[in-house]
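Two complexes are shown next, each including subunit A; its partner changes from subunit B in the first to subunit C in the second.
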Partner chain A sequence: MISNRLSRWTLLFFAVALLNFLVAQGVLISGLTWPAQSLSAPVTLIAVHLLTIGWLLLLMLGALFQFIPVITSRPLPSQTLTLVTLIAIELGLIGMVCGFLALNFANALLAHCLPVGGALVIVGVLLACYDIGVPLLKARPMSLPARLVLTGLAFLLLTVTLGLLLALALSVSGFAVYVAPLLAQGVAYHALAGLGGWFTLTAMGVSYKLLPMFTLAPEERGRAGEAVLQLGATGFALAVAAGLIRAWHPAPLLSILSWLGDALVALAIGIYLWDVVRIFRSRKRAVIELHNKAAVGAFIMLGGTTLLAIVLMSLGVFAAHVGVFVFLVLFGWLSGLGLTQLYKIVPFLTWLGRFGQQLGRGPVPRVQDLVDEAHSYPWFVIYFIAVLLAALAGFAGSAFVFQAGVGLSALATIGLAFEYWRAWRAYYPRLRPSKPPVPPFKPGEGIIHGQH
Partner chain B sequence: MAPSREAVLDAMHDVIDPELGYNIVDIGLIYGLEVLDHSIQVTMTMTTPGCPAQDYIMAGVKDRGQRIPGIENVDIALVWDPPWSPQKMTPVAKEYFQIADDGDD
Partner chain C sequence: MASIEALTLDVREELRKGGEPLPLILGAVEVLKPGQSLRLLTTFEPLPLYAVLARKGFAHSARHLGEGDWEVLFTPGAANPQAKADQPKSATAGTSTAGWPAPSARLDNRGLQPPEPLVRILDALEHLGPGEVLEAINERDPVFLYPELEARGAAIHTDKQADGVHLLIRHAK
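Then we have the complex of A and B:
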């Protein structure tokens, strides 16, 4: 029996996503672009979309396809659609990369790849929204993680819509006239809706379920969780809407609303991080597993990057360092959290797929037996140090050190990818077959008194 | 001859929660167990609703039960009330996970 709770294509999503991440890191290592370059430069657009669509979007969707049945207790409407989603998004991404290259070489034929690729990505996203949204909307009562993911999906739709408009403006002659203000300022709000409203709110939702689940902490987050959702969603919506309207009709009130949106977002992130500390402190499981231990690095990156943004905005120099800020959000917070959570999700899915059906029929390894934490720990340390190094180099204006930092992060990514692969191949249980598969028990002590 | 309830419970120690890596009896997932002639009726829960391993753990209980001599049928009732908490673990499991026994279910 294959459980309908097991997402059939999630591991393939992760494999393709990791490959895209390494390609994106390769682009940055090549020196063709780096944070000091304009976000609108073609090679920067290639690197950013390889990271956001190729790596983070596929990673997040792959995880959600497995995660949604967990938080809704309902299966996905279609497993086949998840595979179609993967194919559409990856092909669309390749089209977009060709389209961005065309901007560099002024190739009219290749230029059409951008809207076509963008449209394919949208098709993939719409299919994913159907597969994820239907069980979410049917779930009653709707839990905090479910509402955060649903809000994230709304921002995802907004992000891809803005992206398509930008793609059309860049590649279809005549269309730019209608959306000229969007071309001038829209990229920033397209990025804010994507990195903030979609990725960050969804990551918060997923972590609100997984962190308590794996640390045996109370799942109920009370007013803190509600505040994170309401302040975060309102803040991102306000910042994006005010920014977009201001592009057409500059007005002082809109600047104030945009600033208010930023402040609400910072407050939501602060409450979220405080709540994460509360989860760790109230956990019943004394030993923290490596995926959660390493995730602390990503949480520190989120807090540090938020503080950095506040300082840069206060000094009026945020625009000059926006590239480093985006790099820290992408590599430190989102990719950092993604890499650490893969260290749990991959062995878990592997266990379900390989050993689940043997349960009750003979000895089986535990999920923990599929990984070697001592072996993998250094890769996480190297990754976060590398990201910090690259960010500092970005500030200092040293392109070479930035490339070296990204190179080191790529090395750590390869090291971790190798550990995921070993987990998937069940390498460690074969290496240590003598380890008892289940902790020994003393017959008689296992009877639950007074519950029968 | 039907096996004793204790013998069935001991057999269920072979079924683990893969994530916690410990047998489901000591974790406290089995809320009730009755042996009636040649069948077992198990009332159990999961550590969290929607647990991805739910179907496999329930199949494991069924398979392990049916491998006990004298047992032909295993019926499982999955319940969420009362919800599971680490305090449902036996002392031996609490000691393994270093969970303080605060007496609060």
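Then we have the complex of A and C:
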């Protein structure tokens, strides 16, 4: 029996995450960083970590705290710990931002904020892993989404550990000599473990539950789902491990393994996208709601970005355009999927929290009454066009158009945040009377007569 | 075990006021010492509660005191709650339906998107009389339904089959 039906702090996670996203977009709009500056410039690092930790990590954890009890039928060990997680990660992030600023101004004292902040983030992540991992490990049989999320958590731990080592190397002068190869080449694998192993595999796991749930498609994904998990997990692990070992011991074999890892990842993404198409095609529900319609934008971004990486790698120019690639993964695929799924998660949680007790005891609005799809649809279109525009500008090296693109994406984010807020405040049902739940139960319908 | 005196909880006043006794009862169960029994005084035989507390490992014996009052003694250790808690949801889960009447209403919720099955079941439940049973077939395990039923004092039996999740829900009151 799940007593903690609703994750208590999930909506606060989302609010803080969205704020961080807007701040990160602000940093990019300011022109202080990429593409005008290199990827390893301190201000770029600030923007990237605001995006990855402040926005995507908090968004994902907030969603998982609600999602894990649903897929495991078990409550989280502690709701309070989820709040501690939020505070630790946000404070840690602020510390890290101060630390990166210190790198810019070569302030040795302030530089210690970086590993201290990083350590706080790790504390938050460990607490979250406990809260999410315990119900996941206990659930039998372990579903495909559960196994994808567990694999993602392992990569999350790897990512933050590598991050802390990098932070120490950057801020503690004596430490750098021990991890010099990591400092030189490790950043790429820190990013690959985080964006790929953690975010992408976990997002796949969550979508494998949410997509069939709201389109009424079969949840069992059979061999395709297994292939996505096994090829994806092996691919990311191989690419990260081979890359890291190569930083210390360059060997031709490791380059081949690293390449093989990349290939497996591309294969896993291909199968996943094919499977997503299968889910949409086998759905029993004719109408596709806006959150899933808009998610198609994110899936196209995932496919397009993967193709782009393949082309850039085969032309041998991937390194020159790695910035655009990372931007597309962050804004197109991960943020795109996040923004679209929030459009369902926020109304659903609001509806359960506000109206759950009244169900069957009087008129209540439907979940879909909490949103106005026609009103929100343009924001999703603007968002994805803005991301595409910024990415093209990144290729062309036009800083101004890039800033304008990100500015447009920020505008769309604000528009969507406003719509989430309206859903949370039950604005639309107040504005107009809601229709009864469809299809309603009519007295007498389904009543069996003469059985007892 | 017999040396510990049973904890007595009288919810008759609460019930006459039209209140909700379940939180009080569950609260009392939480403060029981190991091996201690719960003696409950109510204004009706609390059939749905038997299932709820059986899952926590309590056996029950009820006695009619006259004038509509009931005394029910819940004794711990009668079942193995851990073994039940670890049962996968994919098999049958929830309450035993022994002694339940035949369903008085049936709902086929397949083909409906969440949370419509939840809305329909709770809606239909309100049209049922005390102790009556509703049968429903859902597309998926209705995870958000369980707490709502718990809050309403209703009992549920879940059975996952190839054609859907079969639910038997017994109205409280």
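Convention: the second predicted complex is superposed on the first by the 427 of 452 C-alpha atoms of A that agree within 3 Å, B and C clash if a C-alpha of one lies under 4 Å from a C-alpha of the other, contacts with A are read in each partner's own complex, and residues count from 1 in each chain.
Just so we're on the same page, contacts are C-beta pairs under 8 Å (C-beta built on N, C-alpha and C of every residue); 3 or more make two chains touch, one makes a residue touch a chain.
All values derive from a computational prediction rather than experimental measurement.
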Inquiry  = If we overlay the two complexes on their shared chain A, which of subunit B and subunit C does A:Ala286 touch? Say first, second, both or neither.
reply    = first
- Query: After superposition on the shared chain, which partner residues are touched by A:Gly222: those of subunit B (first), subunit C (second), both, or neither?
  - Reply: neither
Return first, second, both or neither, reflecting whether A:Pro141 touches subunit B, subunit C, both chains, or no partner chain.
-> second
- Answer with first, second, both or neither: which of subunit B and subunit C does A:Gly356 touch in the superposed model? both
Chosen between subunit B and subunit C, the partner touching more subunit A residues is B
According to the stated criteria, A:Pro250 is in contact with first (subunit B), second (subunit C), both, or neither; which is it? neither
Does the superposition put A:Gln66 against subunit B (first), subunit C (second), both, or neither?
first
Subunit A positions within both the subunit B interface and the subunit C interface are 1, 3, 5, 69-70, 73, 213-214, 216, 219, 284-285, 348, 351-352, 356-357, 359-361, 364, 366-367, 437-439, 441, 443, 446-448, 451-452
In their shared complex, subunit C is touched by residues of subunit A numbered 1-3, 5, 69-70, 73, 140-141, 213-214, 216, 219, 284-285, 348, 351-352, 356-357, 359-361, 364, 366-367, 437-441, 443, 446-448, 451-452
The answer for subunit C against subunit A in the complex is residues 55, 88-90, 101-108, 111-116, 118-120, 122-127, 139-141, 143-144, 146-148, 150-151
Given the complex, residues on subunit B that touch subunit A span 5-6, 9-10, 13-16, 18-19, 21-23, 25-26, 28, 30-34, 47-57, 59-65, 67, 86, 88, 90-92, 96-100
Subunit A residues touching subunit B in their complex are 1, 3-6, 66, 69-73, 213-214, 216, 219, 284-287, 348-349, 351-352, 355-357, 359-361, 363-364, 366-369, 437-439, 441-448, 451-452
